[in-house]
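Shared chain: subunit A. Partners: subunit B in the first complex, subunit C in the second.
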Partner chain A sequence: MPVIELSDVSRAFTVTSRAGLRRTKREVRAVDGMSFTVEPGEVMGYIGPNGAGKSTTIKMLTGILVPSGGSIRVAGVDPSRHRLKLAKRIGVVFGQRTTLWWDLPLKDSFAVLQKMYGVPMARHRENLATFVELLDLGDLLDVPVRQLSLGQRMRGDIAAALLHDPEIVYLDEPTIGLDVISKARLREFLAEINAARRTTIILTTHDLDDIEALCTRVMVIDHGHQIFDGTLDGLKSSQSAPRTLVVDLATSLPPIVVEGATVTKVDGPRQHLSFPPTTSAAPLLAQIAANYPLVDLSVAEPTIESVITQLYAPTPS
Partner chain B sequence: MGVYWAIAVRSLRRFSTYRIATASGAFTNTVFGFILCGIYLTLWHERPGLGGYDTADALTFAWLQQGLLMPVGIWGATTTGELGERVRSGEIAVDLYRPTHLLLWWLSVDLGRAMFQLVVRGGAPLLVGALVFDLKFPSTPQAWLAVAAGVFLAILVSFGIRYLVALSGFWITDTRGMEQLALVLSTFFSGMILPLVVFPGAIGAIARATPWAATMQVPIDIWLGRNPGGTGSALLFQLGWIVVLLLGAQLVTSVATRKVVIQGG
Partner chain C sequence: MVEPILRAPSQYWMLIMMWVRSSMAYPASFVLMLFSSMVLTVMDFVAIVLMFSHISSFGGFSLAEMALLYATASITLGIADLFTGSIERVGERIRTGTFDAYLIRPVPAFLQTAADGFALRRIGRPLQALVVMVFAFSRLDVDWTVARGIMLVVSIAAGTVIFGAIFVLGAAFQFVSVDSAELANSFTYGGQTLTQYPLAVFGKEIVRAVTFVVPLAFVNYYPVLYLLGKPAPLGLPSWIGLLSPLVAVVMVALASLAWRGGLRRYRSTGS
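Now for the complex of A and B:
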């Protein structure tokens, strides 16, 4: 049974703009006709450009915003009607905000959470011990939150969101501003929690490495519409983002002429050629080797960034 | 209930970390205590028995007034100030993710703050005042109990007012005007400028009936044993305002929550 179910969900906002004395009201549909389900234990990347409707969706899923149309069920309940009840069963992390007590040691925030969610003491201790070990929080428990680095604080926030064994965790840009090592550590932790507890994770991010590292499923939205829902590989192959062939020649030459590919960049003796994903690189290579002094070469697959950029680009309709 | 207690304890602990601010604040309260004593001594020298107070009453009033200023939050408090800031910035939405009631959460936070400030910002100036002047103190355990109740209720009344001011941000984009108004009303009607007992006639009667009177004038009168209708009616007066304000606060909370949830902020 799905843990999250949306059917034909919409959310409109009334935006008032004022020009001189005239006030005009217009309706903006932040989310429009969204339907999907999420199974327990799934890790879904939820991506889209700013203003695509990501936060609006998360707000509706957590019950702090009522949809204007359609229906939502999360963990078997209507979120906005049972917000307080649902709050005990979900965890939320905002990368840019903290729910920890700023001036107090980290452990105080955890102690309040234990009471807030009514976690049995034994279970709380067990969870805390696990998180302290996995997130390396041991030395930080007695440090006031304001003295923690961003990476340390984020680890604290993630632990805080998971202490009550939530069924679903919403992570809003959890790795924003973190260095490479902190990011890797967080991803590793989330993957472990997901594997060990089958916690459903909904991750919104602009960092596509998060998606690559964690998500079994990706949903891309733009202008309130789903524009892709599937696996990461599916996403990559769904788009005809060009592949790139990089060749190193013996000398600098003007752009070479190859049938089936076009030179996109000349960098001294190195030339970048772009060719469609449906084409094999072998015949291109044969051509180049036959006509030019080829020294070395490499083929670059389209990056997930380029795939998504292409998805967001307005399509002629 | 355990969670709200835990929150209040953490809030108290949080305020105890601001050591320098607390010490300098207590020092300021003490200095103002002396200044007020100078003014009151002059006033009661010229008009002995003004408002039914003798000189010892007036001097005690000055120190209690300085002692209650911060704990009660006559000029606002950090906690409800932060709440107002969260409403303005929209960060209040984060509070709705918690399985706790907004009003009770902030009330617990405020009570923790008040308890800490009562001991340090209230106790220190009073101690200095008592060493220098001949102040009045409650003489029986019952009187002390009544004072404790009166101060606790005063904090609740003040919280109710401050909470409503903070939540006005849901409807008014800029709440600074509202805060200014609240500050002026609170300063005058609490008895911060002069004990309300000195105002004659209708002005005095009206001033003593406002909720602000319940935040300072009334608890100090309980300490002095000078409530016109006795201590019991003074506590009932405070309770009455608490019921009105907290019911109002709960109503405003649910309307504001609905506004966020339905209109989207």
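Now for the complex of A and C:
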């Protein structure tokens, strides 16, 4: 029984642009005919370039925005019609801005949330203790939110979004602007929450390491359309991003000639060769070893960045 | 429909107590702010007293009667400002995108916006006005009956609600025009300044406007005229002073429609 169901969901915005005295209205489809389902406990990475429609989708799933077409069901209800009811069952983190009270110490924000969501006191204490430990919030509880650093605030925001034991958590760019250690800690925490509570997590990000570390499923969208839905490995192999063979020769040579691969870069005795992912590296090696003075070699797999870049690049329209 | 309304007072109370607690973290600062709020707002009345050192009657009102007008204008606006004044910050929240944070909470956005940054020090205005009202009644010869007492209390409540509704209408308009907070202020804080004087001195056009367009005259002017046994302007019947609660109900209905409309617009434009 899926916890999130979208069928043919669209969201159009009217954009008014002004040229001189003339005002022209134009309809932009931020999300266009999106359909997918998410099962309980899934961790889905939702990625796409800026303006692809990620935040719009998240806002429709929380009920903030009303879709202009199609139907959405989250935890069995229509989010925009039952926004207040659904609010108790979801947690939301907007990476760019806090949902906490700017002037209040973190612990006061937490206390208000406990009352707002009607979390039983015992459960609240238990959750708070867990999050304070896992997110290392102990020293921050008395600090007003406005005085927290970005990473500290993000930890506070994430704890706040989880205090009422939501079934679904939306994280809109939770690691944006964080340093490497904070990112790693956050991912670890989310993985732990997902494992321990079977919380469904939808994560939008520009950081592909987030996806690599957390997500069992990736959805790529662009121009409001879904362009990939599957596992991370599936995403990597679905694309024809070339692999790279780096060979170190005994001496500097002009670009070597190898059947099935092309030299992309010559750097003294080191040469970079590009070959399609469908080709095996072994026969290429045999060829090179037979014809050239080969000293050392390495094979570089396509990075997820290059895979994604390839996905975004051709937009059939 | 009914259940959210029943829950609203306790939810609102919970939200404002959070702000009260945080302002009480610095008690000395709170007392100072409260005191300065009282001093600042009482200045309007000091100006009236000074005026009466040169004249003995203004628009047919004695000093004590003016004090009653001032007190009722200031109490009604003061209480409305205390409980709903913060709602004018909605425009800023929309602009910065933090309004979304209210829409993901299981409490109506209206309550969260109205309670946003609740400042108990604003109670300074109605407090000083209460003192002025005691002064007014000590010098006025009102023939007190239970009915008159009830009428006074109900009128003040209605006046408060009318001002509150204007605050909400102004906030609702900010969903359409984000920078329009000042427009609403001219009707609320400006309205208070207006209603502390006998409205008839401003001329018929103004009286018509504050009777039929923005019903500020019902906040305190008509009820006070009725209480003091003075005739209503424009040839209106004197019992018009009893209609304030009705006007308040109409204003609440309008404000509620406007707020809902604004919210619907926000949620379907997502700006």
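By definition in this document, the second predicted complex is superposed on the first by the 313 of 317 C-alpha atoms of A that agree within 3 Å, B and C clash if a C-alpha of one lies under 4 Å from a C-alpha of the other, contacts with A are read in each partner's own complex, and residues count from 1 in each chain.
FYI, a residue touches a chain if its C-beta (ideal position, glycine included) is under 8 Å from a C-beta of that chain, and two chains touch if they have at least 3 such contacts.
Fair warning: this is a prediction, and the values are worked out from it, not measured in the lab.
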item	value
Room on subunit A for both subunit B and subunit C (clash or fit)	clash
Partner chain in contact with A:A261 - subunit B first, subunit C second, else both or neither	neither
Touching partner for A:D108 - first (subunit B), second (subunit C), both, neither	both
Subunit B versus subunit C as contact partner of A:L163, first or second or both or neither	neither
Common interface positions of subunit A, toward subunit B and toward subunit C	13-14, 56, 59, 62-66, 80, 83-85, 87-88, 90, 92, 94, 97, 99, 101, 103-104, 108, 111-112, 115-117
Complex interface listing, subunit A residues touching subunit C	13-14, 56, 59, 62-66, 68, 80, 83-85, 87-88, 90, 92, 94, 96-99, 101, 103-105, 108, 111-112, 115-117
Residues of subunit C that touch subunit A when the two form their complex	4, 11, 14-15, 18, 21-22, 96-98, 100-101, 103-108, 117, 267-270
Complex interface listing, subunit B residues touching subunit A	2-3, 5-7, 10, 13-14, 17-18, 91, 93-94, 96-101, 260-264
Contact footprint of subunit B on subunit A as seen in their complex	11, 13-14, 56, 59, 62-66, 80, 83-85, 87-88, 90, 92, 94, 97, 99, 101-104, 108, 111-112, 115-118, 144
